[in-house]
Amino acid sequence: MRSFATVKKTRQLNHDTFLLCLKSEKIASCAEAGQFVNLKCCDGLDAYLRRPISIHSVNRECNTFDIVFQVRGKGTSLLSRIRPGDEIDVIGPLGRGFTLDHSHRHIVVAGGGIGIFPLFQLLKDHTAAKKTAVLGFRSKDFVVLEDEFKKHSTELLIATDDGSYGIKGFVTDVLEKIIQKEKPDMVYFCGPEVMMKTGVKLLQKYNIPCEVSLEQRMGCGIGACLVCVCKTRKDNDWDYSRICADGPVFKGEDIIFD
Amino acid sequence: MKKNINLEVNIAGLSLKNPVIAASGTFGFGREYSKFFDLNLLGGISVKGLTLKPRKGNPPPRIAETPGGILNSVGLQNPGVHAFIENEIPFLRQYNTAIIANASGNTVEEYVEMTEILSDADIDAIELNLSCPNVKEGCMTFGSSSRGVLEVVNKVKKVARKPLIVKLTPNVTDIVEIAKAAEDAGADAVSLINTLLGMAIDVKTRRPILANITGGLSGPCVKPIALRMVYQVSQSVKIPVIGMGGISNGIDAVEFFLAGASAVMVGTAGFVNPMAWVETVEGIKEYMTENGIEDVKELTGGLIAD
Amino acid sequence: MKKNINLEVNIAGLSLKNPVIAASGTFGFGREYSKFFDLNLLGGISVKGLTLKPRKGNPPPRIAETPGGILNSVGLQNPGVHAFIENEIPFLRQYNTAIIANASGNTVEEYVEMTEILSDADIDAIELNLSCPNVKEGCMTFGSSSRGVLEVVNKVKKVARKPLIVKLTPNVTDIVEIAKAAEDAGADAVSLINTLLGMAIDVKTRRPILANITGGLSGPCVKPIALRMVYQVSQSVKIPVIGMGGISNGIDAVEFFLAGASAVMVGTAGFVNPMAWVETVEGIKEYMTENGIEDVKELTGGLIAD
Amino acid sequence: MRSFATVKKTRQLNHDTFLLCLKSEKIASCAEAGQFVNLKCCDGLDAYLRRPISIHSVNRECNTFDIVFQVRGKGTSLLSRIRPGDEIDVIGPLGRGFTLDHSHRHIVVAGGGIGIFPLFQLLKDHTAAKKTAVLGFRSKDFVVLEDEFKKHSTELLIATDDGSYGIKGFVTDVLEKIIQKEKPDMVYFCGPEVMMKTGVKLLQKYNIPCEVSLEQRMGCGIGACLVCVCKTRKDNDWDYSRICADGPVFKGEDIIFD
């Protein structure tokens, strides 16, 4: 599960978002939508821990996969300086990805910020006739990968917080309008916690199943250290589940948002 | 020309095929890392810290990166000692590696009860955790005074029918005094160090990064402190010392042997390099080969300090 | 739009133009770094640890690099308090920056005598070093128990005619208890942390890297421990806390303010970046500007921990 | 005194020895033979401290200076990977260099291992009619910069511990033979402590003045932290002097070797 992936291509998508295309047969051959990799951003002690980044897209013919990330701190900043030909120490694919039910005819993916990236491979893999993508960004400057998402969805709606591009408002507002027009079979969420919390509540109102992809600071990334937990329902009680191993994708109804 | 290298060590009745043990709390119950390497390669596994009843642990975030290390505030999330015996021992027993049950209690009675239960279980040793900085009750309270250590270890020793390792906290003025108390109370070995109490702050949110505010520091950054404590303790007690704190490779491990450790545990380094445990075994072998040392026991306490 | 930023702080009668002080032992008596930047830019300078008589210190090597930090075992090499007064104060007084005399003694009497001498000298405050891990006598012995701290500080306070800062060692079980003892005995402020006792070993020679075997750990690696201690202490005492341990820039300093520090000291980071002291001042200003904070005092204790 | 020097050229001299030519007007314009620079081998926490490296050669016309170093550990290993065009964070020139008395007519420089490098600029700068260089190496494989030293000395003698190149034996043995033939005015030592200890004793026997360049692990490199000390004579007692600021070059008679 640990391998050294060669960087085939790097692409800067906007001021702080980068795409890396990595070659690794091990990972590309079995990665599923919604899974992630845990990678070293540099040798040595700076950015000591690995950083979890979702698998954005898989190219099984070329044995490559893409990751897309925003520069947040030390690790992602070092990662943004990596060049084609460099090698990255990667563990993956990790975690439980999205559940694809190919009997579904209409699915919606709803993503916000860095949450949109794992939804891409899901759109590529799903066979539903209708695939709606609702992507939320802070403002126009943050909109990325619009064409790519358009290509793999039947409908693409973009929302920005300030209305500087697409629809003004939240992803969940847009989602509710979609539902009111036509109830989808399934919704997939990935984004800020508040978006997913509102989203799950919304879907429960309409009785639509959904999955959410969660994030948490990680240690091992493989389920051994128990640092990356989220609250999940368990019988009449609750428990902490490991986002890295039991998730990152969970059924919406299983998560207890605080 | 190649000499035979003997990595076997025997620690207070616990015999290990090599002196590298996975540190408690960093290796779960072995299942996850068994996908990365053959657990048979390890001297032993100290399992995730157990309590009498299942424990949920602390709220997330539970980890923060710090310069050269990490803080964690897991707070002993575990399924309880009974679930461990039922669900985890059978898995671990498939492998030829020592099983060390790391046990924490809220009260002396709980420590005693757990020791009784674990003495009947199919494990190889008990590691009494008197040093978890992430739970409010018990544990650290007992571990930070020689009186507390004496009391718990004395009572536990009466019922223990497995080699008893006492794990010490570094958050004390005089670790030697604490180690001596453990020895006097009948500990078969001591292991050190557990994590150092620390804290990280996010200036953007002005909040602590850990939901629990404080957490335990581990990783390379603590190695100098751990080495010093292992050196001091091993000069002062007769029972074997198991050293840990920031070990990432064979050279680090050799430093601990020279300082006086009979075996080592590796934890945090495995998060970064999942092969750290086996590479530590390999690295020790390499050092021994290069330096013409046939038995790893020769390294223990081999520091030249004059 | 640019707001006025107030960096002035007043610590127990010691007024500083900004809250960044050079940490004792890392800045000599200011001469060397005065070639790199204008010492007027500093809030203050805590000079190399002084003793009553000149001290030669420990044999070399006195430094070892460790992951994210360093160990030192200088052992208070200094020309003695009289030579300091004669040769160094006139140099330092050329600058508009507070002079803090860091003082260590072998006995209570020596602490008292030095305080008397320094109270007559042209300095701004006395920092009582009860925490040097590198000398065998006095110092750490006093600093590691609340009884020891009470005794020394009580007696010193009686003769002190300058603001009295007590510098605490992190090598203790309960730093809060020690800080409270200092407060009870009349300390005007506490500064923490001094270095953590550690050790480094060279596996090639099988010897400790430091001739003194052990040394004091400082630098980025200790920051989480220092932050935690500053947080705990500032929650428990009413006197101001001066925070230090691994501060390399303005963001690090802000973390210490949020944790409860009224001022900070910067040491080891300056070896790597000789501009670290002034860049820390600049970085604090930047953070304040970006966050609309006008007075640095607003940051002190501003941690949101619920 | 702190500057960012640009790497103009790198040259690998043997399996573990590298030369870097660095451009810095500040340093090249005032560096003296025997001084050193204190440099960061990398950003961040790996090799956290600066590393002291002697100034090997100064080119005042080009505003460059050369350093030569052996890979010993983490820092020098990172340094060996630096490429032309990179920038290095350097503090220098630091310390007290060699004393050049141009009334001297015969000088000898005696160096061993990495100690030979600072002697090079001394040979270049000194105006003595006769300049003998005695350089010691472990074995043939370690011999470096022979031509360069030959160019700037009137006589070059190479000694190797195993006799695989030049004279078999120690630098000090060769030195004694030179002295027995003709007493030089001054000898400059730089190398392993044992060599310098023997050397200083030898010269005292023959009553020849000498200077030694010492090494010690350093912190600040500028005299503030007192970690880099050596024992020096002081009146009837001794004291610790700072190698970085009071040295690295001392009068042979001032040093107390243990």
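Letters A, B, C and D mark the chains in the order given here, with residues in each chain numbered from 1 onward.
Convention: a residue touches a chain if its C-beta (ideal position, glycine included) is under 8 Å from a C-beta of that chain, and two chains touch if they have at least 3 such contacts.
Note that the coordinates shown come from a computational prediction; the quantities given were computed from them, not determined experimentally.
Hopping across touching chains, the smallest step count from chain A to chain C is 2.
Separating the centre of chain C from that of chain D, both taken as means of CA atoms, is a distance of 36 Å.
Here the CA centre of chain A is 57 Å from the CA centre of chain D. Chain centres here are Cα averages; for chain B and chain D they lie 46 Å apart.
In chain D, 45 are the positions where the chain touches two or more neighbouring chains simultaneously.
Those residues of chain C in touch with two or more other chains are numbered 64, 67-69, 219-220.
In terms of which chains touch, the assembly is arranged as a closed ring, every chain touching its two neighbours and no others.
Chains touching one another, given as pairs, are A-B, A-D, B-C, C-D.
On the chain B side of its complex with chain A, the touching residues are 25-28, 31-33, 35-36, 48, 56-57, 60-65, 67-70, 72, 74, 77, 209, 219-220, 270-272, 274-275. Those residues of chain A that touch chain B in the complex are listed here as 1-2, 40, 45, 47-50, 91, 216-230, 239-240, 245. Those residues of chain D that touch chain A in the complex are listed here as 43-46. If you check the complex, the residues on chain B that touch chain C are 64, 66-69, 71, 144-145, 171-174, 196-201, 203, 205-208, 213-214, 217, 219-225, 227-228, 231, 246, 251, 254-255, 258-259, 287, 302-305.
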